[in-house]
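You will see two complexes here that share chain A, one where it goes with chain B and one where it goes with chain C.
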Partner chain A sequence: MSTTAVDRHGRPDAGPPPGAPVPPRSRSRASVLPSPMTGQEMVLVAVVAALWVVLGLTTPAFLTAGSLQPLLVATAPIALVGVGMTIVIITGGIDVSVGAAIMVCSVVTAKVLVTDEVNLAVAVLLSVAVGGLLGLINGVLIAYGRVHAIIITFGTANLFLFAGLQIFGSSTVNGIPNTLDFFGRGPGGRTWGVPHAFLLTVLVTALAWWYLRHAAGGRHFFAVGGDAHAARLAGVRVQRRVLLAYLTTGLLVGLASCFTIAQGTSTLDQSVGTGKELAVIAAVVIGGTSIMGGRGSVLGTLLGALLVQSVSSGVTQLGWRSQLSDLFVGIFIIVAVGADLLRARARRSR
Partner chain B sequence: MSVAPPATEAPAPQVGDTPAEGTGARLLRVLLTQRIALLAVLIVAVVVTFFIQDAGGYLTAPYDFDYMSAALINAVPLAMLGLAELLVILSGRGGIDLSVGAIVSLAGMVFGFLYGEWGWPLWMAIVATAAFGALCGALNGFLVSYIGFPALIATLATYYAFKSLAIVINNQEPISTPPIQKLFSLSRSVELPLFGRYVPDVPLGIFTFLLPTAVLVWVLLARTAYGRRLYAIGTNDVAARWAGLPVRDTRFKAYAYAGLLSGLVAVVTVGQFASARPDAGVSGGGMALPAITIAVLGGVAITGGIGRVAGVVLATLLIVWLNAGILLAFVGNAGAQYQLLALGSVLVFAALLNGLTNRRYGGSR
Partner chain C sequence: MRHHGRFAAAVALTTTAAVALAGCTKKNDTDDGTGAGSGSTYKVAFVPKLQGVPYFEAMNAGGKKAADELGDVQWLYQGPTQADAAAQADIVRSYIQQKVDVLIVAPNDPDSMAPLLQQAKSAGIHVATADTDAPNSAREVFVNQASTEGIGQGLTDALMTAMGGKGKYAIVSCGQTAENLNSWIKVQRAYTQEKYPQAQIVDVVYAGEDQAKATQMATDLMNAHPDLTGLVGECTSSAPGVAQAVRDAGKIGKVFTVGLGTPQAMKPYLADKSSSASILWDVENLGYLTAWAGEQLAAGKQFQATNKVSDAMPAVEYDSSSKVLLLGPPLTITGENVDDFNY
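Up next is the complex of A and B:
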């Protein structure tokens, strides 16, 4: 817990003093920022690389475009929602309603696609708007209702599920047109062999990475998670930051839902989004974000999502039972967070 | 979340309590600060509402004492897992157990092997299953208490691991051999002795599993030194350590006990399904989220150190009877959807109410 207020080098993790002008000289600013890549991220890069090499050697089909493209496409929605979840967890909260929110966005968008045959841009905007609305509900309740995030989002998860099932109307949505194929697995969803869904995810991750690291508003998220009371005294508008975190998550859920529809068949069933909240949280914590708040990185989350997806893809290609991949996810969470705990302990004793 | 004030329900008499408090104000204060009183009022309100609807002929089947009694079969696993969450959440420092549903799945499969395949005597199989559950819980406790993992992460990891093992252990196949199928008798309803003719038959599981568990957990929390230690470390574990309490050991045991209860729930669910299903505790939304909901609704503060057995049991009754009524109020499977609406609304309502109570009757600032 005490580690949250202290950065990797044992210095106070202040960020630029909120409200005060950012120091003009970039050198002095760089010195208070954490290094661009944390130890956790470097370990993850190594682990993913090692995993890919091992899988490439054991199953020759793994390191081919036909295998890696679906892997990247499947990583995209988890990593994208993970960006929002990382910000939420950095502020010291959590959002367990994203699975249900994905369901609501997916069914609304799919229904509109079927009945109104809208084009790609309208569908994406609609989905993002619905997601943003759901995120706003969470954000308002948590920031202004002053209640525990995990409890409120358990509650809204049920409410979202109800809304989603009502819109489903006790059946599947059939005959979804291929409007969203831009994000899909097919050849229409790739540029130079890289899936658009993954490209967009990397873009969003990069933007979030820059914002969280270099913008005052981004540092405020860390301040809120480190010590909300101190942040308030320092002039951070804590409630607005908290609201923004959940709103961002909702918007990204909306975009991720478009990916989810595009990856599926022309039929959407009611199980869409089930269990995704835990998969997203798993990716975030494997990426080194502290569940206590105040510390974390979206880059780690992207790598965490990639690792989880690589494992499940690898388990399938090795011919093992696909459910075994969950066991490895569990082990990876323990190892990743355990390594982080050990490093924190080493920092403290130094 | 650090923005929210710690959810304390202790009434602070010095805050705004004028000596001449009116009856209405006092009633409001009791309802808001005494979760058990609020739950009791809500239960009465729910039951009366459905009785009136029943009398008006709005329900698809009669909502009477027989139906309410039969619905109690759903209360057995729910309340027992709610009590498991009570123990874990009480232990403080973000205590929570997401893995109870996965333990139910895995322990259920173990029970299926012991009793259904290898023909162990029933009592030995039950004891061994409970012990296995305790072992799973002990793994959580070890990670959280001795290694220092945040509870949410440790139990998320073991949730994945146990869920996966439960499915792989028997190649995704359920175990439903004849001895397991006969276990369905565990979930039958029985007539109470002496005055049984005057009251409805009650599901057997209430007496064989739920009541003993609830009484034992109550004794553990309210009448043993361990219980007092658990409340102490949940309220302030730094103070508890300085007071010389074995903080780690106490917290470790809370997780182990929660695992033990999950193991017992595994036996109950195997009996209810007449089959040891590999996804028993994780299918759909899983069992962990409803259990946490029950605990929170029952007045357990997510920050630790506050919570009572009676609150959890009453919250279970409220949800079970509410759900049972909703099932009758809608035709087809729409009722199941409205149960989600009810559960979500009740939870959000309870959480907002906790916040209001804090601010009005002794909030943290």
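Up next is the complex of A and C:
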């Protein structure tokens, strides 16, 4: 990390003292980028792997397709929204409206599926469009309103909740056709044993990982989160970056809502999406993204979501009491934030 | 920058105000009492755990029907939009201020509701509970949908019929502190042990109100116990959830499920046999009985040991020692009668 050219606050490092040999150009270009995998991510890979091995040995069927496939399907919506949330948190913001946004997208899509019997592509496009609209509302208010994101998204969360309940209109949505089974837990949701929902999530994560790491636009998100003022002076279009972060989150919420409908039953009730914003933020934080902004990785978020779902499934398969998974997730969050603070302190003292 | 800040604050304030207003509008919309217009009418207010869900909307429909038929009841219905004890308490307080004649609550948290019911009673309002009791409160009657034994035994018998009276099964419950769910589970445990010695409950897990989580937990339970042949969905979100899990795992006919599901939600699962039966009660009749009980309290009439409430409910039993009106034995909903219910 000592080779990073820009520190957390966006100030350039002092650099080598005058007279010191200038490093070759190619080497300095490579050193601008953080290492492909952070320490936190390597730890997470090790923890998930160790957990799976232990659960494989202590339960009858944890490491079988019948158990791992549903686990990956259940991980997908949280990890997918987590990609957007990671970008939002990297810019120094937060989006606590994603749970309510999932509700709106799900109820609109479910209702259209029931009444108009649209096909898979139309249903997904509709859900993504609705999610994009909600994300745009957040993005415009935050980028141009200049109130802290937690206030705006707390407000819009309530607005979305109201809208969702109005669309539900005092009843559940019954008899949802199995159009979205393509993303579900059943045999229709897999190709060669790989669940479509998880495959899509991995693809989106990989794309976002590459963009955030290698594209100038991607690096700008970090600059905005490090120090928005400095980023602006450096020519970054801060408002556009901020708006894009929330818009992306909204679009991903739309797709994740399709996963959510597919994972539920043929009835959709008003509790859909409840508390999902906290589950997503937990995955992001456990993945090593700094809640203060400026640092983070979507790969970590995917691993964080996978760890949380593995713990939840593991607790059930071990026959332990359900509330223990809350305890473990709480510990993970505190350990992850603690590790982040220690890293920040180490960087400062250097 | 400063101006931007102020503008943004104004936006935030306007947004908040809009939310508040929108909330009020919604509440007022549903606040239309449909009782008889003139003469001496009793204001009977019912506060459900949450409004907008089919279960309590069906109760509301039954209450309205009773108000129309009885003629001297103005039925008021309002609940929180989420099953939240504090939000529910606010609504109860507003009804106390409106000086309704009878206040009937399905409490989210019986303990915190008790002092409010006492406050209502002190203000001269008759108080009662329906659907969920607050046993240590000032309530004058509890309108009970079914006895704890009736539900617990009904669920167990329905599952055992499907499983052939033996085998391992697990329960996917919802809120871990939900008093009624926990008391049913207690009966299920005791009754299974006593009447079906070859059957065994291997686990009870809690999924909250989250359908997807209930489904995932049911999947994990089947993986944890390869010899599992039964699942119970203890509430309206986990009842279809356990059936969906069985369907997804391709285990229809190998793992049997029953649950407390609303009829229309269970219909597709009853059709493909991923659910064997749903145990419930006639929710509209429960609403009707609730409104009727409110009328009796307001008019100062005593409940009899058996009461003729309506043609559909000719003999509703009342237990004077526990002050409980009992709707009757639970219904078993299967593929045959599921279309008799529109909720």
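The criterion applied here is as follows: the second predicted complex is superposed on the first by the 317 of 350 C-alpha atoms of A that agree within 3 Å, B and C clash if a C-alpha of one lies under 4 Å from a C-alpha of the other, contacts with A are read in each partner's own complex, and residues count from 1 in each chain.
By definition in this document, a residue touches a chain if its C-beta (ideal position, glycine included) is under 8 Å from a C-beta of that chain, and two chains touch if they have at least 3 such contacts.
Here the structure is a predicted model, which is why all the values come from computation and not from measurement.
**Q** Just chain B (first), just chain C (second), both, or neither: which does A:141 touch?
**A** both
**Q** Looking at the overlay, what does A:272 touch: chain B (first), chain C (second), both, or neither?
**A** It touches chain C, and chain B stays clear.
**Q** Using the touch definition from the top, say if A:263 reaches chain B (first), chain C (second), both or neither.
**A** second
**Q** Of the two partner chains, chain B (first) and chain C (second), which one does A:165 touch, if any: first, second, both, or neither?
**A** both
**Q** Applying the document's definition of touch, where does A:349 land relative to chain B and chain C: first, second, both, or neither?
**A** After superposing on A, A:349 lies clear of both chain B and chain C.
**Q** Given the touch rule stated above, what does A:323 touch, chain B (first), chain C (second), both, or neither?
**A** both
**Q** Who does A:152 touch here: chain B (first), chain C (second), both, or neither?
**A** The answer is both, since A:152 touches chain B and chain C.
**Q** Check whether A:333 is in contact with chain B, with chain C, with both or with neither, and answer first, second, both or neither.
**A** Once the two structures are laid over each other on A, A:333 reaches chain B alone.
**Q** For A:191, is the partner it touches chain B (first), chain C (second), both, or none of the two (neither)?
**A** So A:191 meets neither chain B nor chain C here.
**Q** Do chain B and chain C land on any of the same chain A residues, and which?
**A** Dual-contact residues (chain A): 141, 145-147, 151-152, 155-156, 158-159, 161-162, 165-166, 170, 274, 323.
**Q** Any idea which chain B residues touch chain A in the complex?
**A** For this pair, the touching residues of chain B are 1-5, 7, 94, 96, 98, 143, 147-150, 152-154, 156-165, 167-168, 171-172, 284-285, 289, 292-293, 296, 302-303, 332-334, 337-338, 340-341, 343-348, 351-352, 354-355, 359.
**Q** Name, in rising order, each residue of chain A that touches chain C in their complex.
**A** So the residues of chain A touching chain C come out as 59-62, 64, 66-67, 70-71, 74, 141, 145-147, 151-152, 155-156, 158-159, 161-162, 165-166, 168-172, 174-175, 184-187, 260, 263-272, 274-275, 312-313, 316-319, 322-323.
**Q** Please output the residues of chain A touching chain B within their complex, sorted ascending.
**A** The touching residues are 91-94, 96, 141-143, 145-152, 154-162, 165-166, 170, 224-225, 227-229, 238-239, 242, 274, 278, 281-282, 285, 291-293, 321, 323-327, 329-331, 333-334, 337-338, 341, 345.
**Q** Can you tell me which positions in chain C touch chain A when the two form their complex?
**A** Per the touch definition, chain C meets chain A at residues 1, 4-5, 7-9, 11-12, 15-16, 18-19, 22-23, 26, 50-54, 57, 81-82, 176, 202-203, 205-212, 215-217, 219-226, 236-237, 240-241, 243-245, 247-250, 262, 264-265, 267-269, 343.
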